[in-house]
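First the structure, in the form of structure tokens, and then the observations on it.
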Amino acid sequence: MDGSYAAKPMLASKVDVANDGKTFTFALRHGVKFHNGKEMTSADVQASFERYRRISPNAAVLADVESFEAPDPFTFIIHLKKTNAVFLDVLKSPVYPFVILPAEQKDKPAREVEIIGTGPFKLGEWRKDSHLIIEKFDGYVADEGGKPADGLVGRKTVNVSSVRYRFMPEANARIAALQTGEADIISNVPRDLAGRIEGRPDLQVNRILACQQYFIVNTQQPPTDSVQMRQAIRAAVGVDDMIGAISRPAKRSHSMTIPGGEYYGGDINNGFYDQKNPKLAGELAKQAGYKPDHKLKLMTTATYPEFRDAILVLSEQLKEAGIASDVQMVDWATNASNMQTGNGGWNISSTSFCSNPNLGPQQWKFMVYNFPHVKNDAELDAAYDKFYTSLALDDRKTAWRVIEKRVLEQAYMIKIADIGVIQALNRKRLPDFRDFYINRFWNISLK
Amino acid sequence: MLRLVAVRLTHAVPVLLIIAVLAFLLMQLLPGDPAVLMAGDGASAEAIQQIRERLQLDRPLWEQLVSWVTHLLSGDLGTSLTLNQTVVSAVAERLPVSLSLAVVSIAITVPVGILLGVIAAAARDSWIDVAVMAIALLGVSVPSFWIAILSVILFSVTLGWLPSAGYVPLSDGFLPWLLALLQPAIVLALFQVGFLARMTRSAMLDVLDQDFIRTARAKGAPESRVLWKHGFRNTLIAVLTVVGYIFSLLIGGSVIVEQVFALPGVGRLVVQAVLARDYPLVQGTLLLFGFIFVLINIATDILYVVVDPRVRYD
Amino acid sequence: MTDAALDPATVAPSALQRGAALARRLFRHLSFRIGFVIVALLVMVAVVGPLLHTADPTAMQMRFRFRPPSARFWMGTDALGRDILSRFVHGARLSLVIGLWVAILSGIAGTIFGVLSGYVRAIDSLVMRIMDALLAFPPILLAIGINAALGPQVHSVIIALSVSYIPRTARIVRASALVVRELDYVQAARISGASGLRIVLRHILPNSVGPLLVQLTFVFAYAILAEAALSFLGIGPPPPTPSWGNIIAEGRDYSVEAWWIMLFPGLGISLAALGMNLLGDGLRDVLDPRLKIEG
């Protein structure tokens, strides 16, 4: 994945895609070393893909694979049963990454593999709740033929001996650590505390706007199984108060794509955003047969204050529209699990998506269907089918616009804002650090 | 003496067993399905079923209980659902942190608490007594997490004297270790200091009222000797009684203090285990805390006999 | 009740007199006086406060985020522009209600277990072993476990904390029961055919009331501290419930820029616990000077 989130080869020197979009041939780089010193070959790649297909929660994306093939040690071929125009983009998923592991690891169950990769850093020490140390991997073979480092690909040189991540849940403690020099770089600074750092010339604050926050509406749980009720909720939402409440950098945007992205569709689906119309909300709720004694259940978590705060604001806005609600606090693991299973009797929850809006519609699909528990929506199914089978980008863009409209119009998801994270670093110590949606510690020097 | 130890240990067996059953039952009440949680985002039904079978979550309750107790007897507390390691190794990994915190905190609590108590008793009803007892009372009334946050703001954020969070192992040097623990240990000690000072004072007052103290004074023994040799030695029993309870307070308090100071100890482990609904881990840590507490009480009972030979257990 | 001795007409005067004498002795005690004033003030805040200060504790005004204390917002506003005074007042009510319920429930349950254990020798051993086992878990941990199981609601906080403190109250009642049942006149009553229930009501309970009351006052104080700690850890009553622990948890990131958010509820918790502890000290000194109860 490069700096503009496009899929690019890293362990392969090139990829050939057949004209029918069904066969993908990867020419693997020679001499790539695993952290255990072994050279990577196509057998490792095949084993890793087979393992992914068997145990990854995201295994469904490989459902159309007919076969894997490794004709020689440095060639790997994937055959699909049917055309998938965006298969390479599927492979760039950072949420369930396609990691190449040594073939011996292929039978290990989920979460029990040894951490042996091919990257410029190897695992040093990991103490849960305390710290993670990654060390420079001396056997790393840089992609000499590749372009200069760009995003996550290209030539990487490591100039530091190790990087130590410390897990500090308290924002005050993180900021203090940066101020006293205990830390060189810290992440997730609450928006309202950035001022403490901004005054100091040696420290720098980066605002990285790479995520989008939504309300997810459960289509299987009454009364939000009714489309009017969902639209009533959408009509009640005023995003400015939410942007004001969440302690994150945030920007108004109606779109499910970050502006500037390949699939960004301009203002076309603007009408569903920030309606701020409690009167309309009340009427729609009435049409849906809503009775005030039926309280909506808003599920959220304190782990992510921005989700909690958005839900608290929503609860007040619903109250204004005459819709009663109860806030249910759970830990994030329960929240995420309930969101996926539909358990817990929740009507609305809030979450943010950090890769999907950047990576494209193929990464969205799972969330779009799974979180609101969309069932029997022929229009959405057809649009996604068209998206996957269209080899021309313009046709895929058209399909995505239909998908986006359907999701927002049916109020499966209600967009709140594009949100970001604030990172702060010591500019004197890290003069050539460049921010990206994830931190990169290659090609930087430590002063 | 050996017989005493044996008797106390035998008495502890049913308590330990009940602790084991309570720890087991408590976690059965938890909502949510750990298998769904473990399988991760969007897992298939088969993957969830696989995990459920692997952890025997599909077996009847009593079968799970029997297997839990049998495994306990062989020192096996089960495997954490979220940490990918056994409960014993997860706890063992974090125990040094909690023990370090406990040691530093006790090292502050005991001398300070006793000293304050004795001073207050010696200066009974004077302004010193009132002041010391007011401080002790504040210690048991002010919430530790609140003091912890205020303390971080003052000593770490504003003054920059002490590190704000994290743990440095003893192997990295005594001073860095102590420095990292000083702030959390003091915050943690506040409650126990107040508690111990109040206990010591009232025990001391009881003793100081007695005849042999008057006799000692009449014989012209120096006041400090009367206070410590005659007075305090005789309050040791009363003070020992609360040592077990102080440990219990310490464990409870460490849950909160470890959270604020991001110390990777057992207290933090248990809070996260509850939040992640990691059944075996919560069971295992609760059980371990229970066992430690019972053992401390046995040790206290035995110490009684050492301190006061009049006490007998039959 | 046909029992003449329990007839209010014959019991009331002496009970009244005794009560008045006790009250006089209590109010001569400095700690009790101070504790009483603090607790009475907080009760007034909790009861009358919501009537006088009518701002909605959950209403948000984003244009008034992080306002420092002023004539309009006496205790300032929080990150969502909510009025802290209003949340403080409702938080006081919640804290006191939770403390009171925990004291009542653990008092009742502790009395039942204590009496059973002290009076019915056959089950004494079992009940006390269960109490020992419960006692082996630090209260806050036990409460975390129970609360996680029951879900984060006000009533589960009350149940969790009550269970945690039962062993302490049960032990006190049992100790009284053990002493009382061996007294000559109680033995005589039993031989003359008095029912077990009667002996419990007439002899054991009245003798346990003093120490139990002292213990419950301390339980009240600990329950307030524990509820705040649970809220702080995110397993107390759910937001937007204005509990003191919640206000601190939600305001802790802003403790430098907006110190008022966590200052007032922190003072509230400390004062409430302090007041109850002072009351407990006074009660202990007056009711039973030999008693060594410390929660």
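Odds and ends about this structure:
A, B and C are the chain letters, set down in written order, and residue numbers restart from 1 in every chain.
By our rule, a contact is a pair of C-beta atoms (placed from the backbone, for glycine too) under 8 Å apart; a residue touches a chain by one contact, two chains touch by 3 or more.
Being a predicted model, the structure only gives us computed values, none of them experimental.
A complete topology is adopted by the chain contact network, contact being made between every pair of chains. With A-B and A-C as the two chain pairs, more C-beta contacts join A-B. Comparing mean CA positions across the assembly, the chain most remote from chain B is A. Measuring from the average of all protein CA coordinates, the nearest chain centre is that of B. In this assembly, the C-alpha centroid of chain B lies 23 Å from the C-alpha centroid of chain C. For the pair chain A and chain B, the distance between C-alpha centroids works out to 41 Å. With each centre defined as the average position of its C-alpha atoms, the distance from chain A to chain C rounds to 47 Å. Residue positions of chain B touching 2 or more other chains, listed in rising order: 149, 153, 157, 259, 275, 277.
Shared contact sites, meaning residues of chain A that touch two or more other chains, fall at 170, 172, 331. Chain contacts: chain C has residues 234, 252, 255-256 touching two or more partner chains.
Residues of chain B that touch chain C in their complex: 14-15, 18-19, 22, 26-27, 29-31, 137-138, 140-146, 149-150, 153, 157, 195, 198-199, 202-203, 206, 238, 242, 245, 248-249, 251-253, 255-256, 259, 270-271, 274-275, 277, 282, 286, 289-291, 293-294.
Interface of chain C with chain B (complex): residues 129-130, 132-142, 144-146, 148-151, 221, 225, 228-229, 232-235, 248, 252, 255-256, 262, 266, 269-271, 273-274, 277-278, 281, 290, 292, 294.
Those residues of chain B whose C-beta lies close enough to touch chain A in the complex are 32-33, 36-37, 39-44, 47, 83-84, 90, 93-94, 149, 152-153, 156-157, 160, 163-167, 259-262, 264, 268-269, 272, 275-277. Residues 55, 57-60, 95-96, 110-112, 127-131, 166-170, 172-173, 175-177, 179-180, 182, 331, 333-334, 336-337, 340-341, 343, 366, 370 of chain A are the ones that touch chain B when the two sit in their complex. Partner chain C is touched in their complex by these residues of chain A: 170-172, 190, 192-193, 195-196, 240-241, 244-245, 247, 302-303, 305, 308-309, 312-313, 315-316, 327-331.
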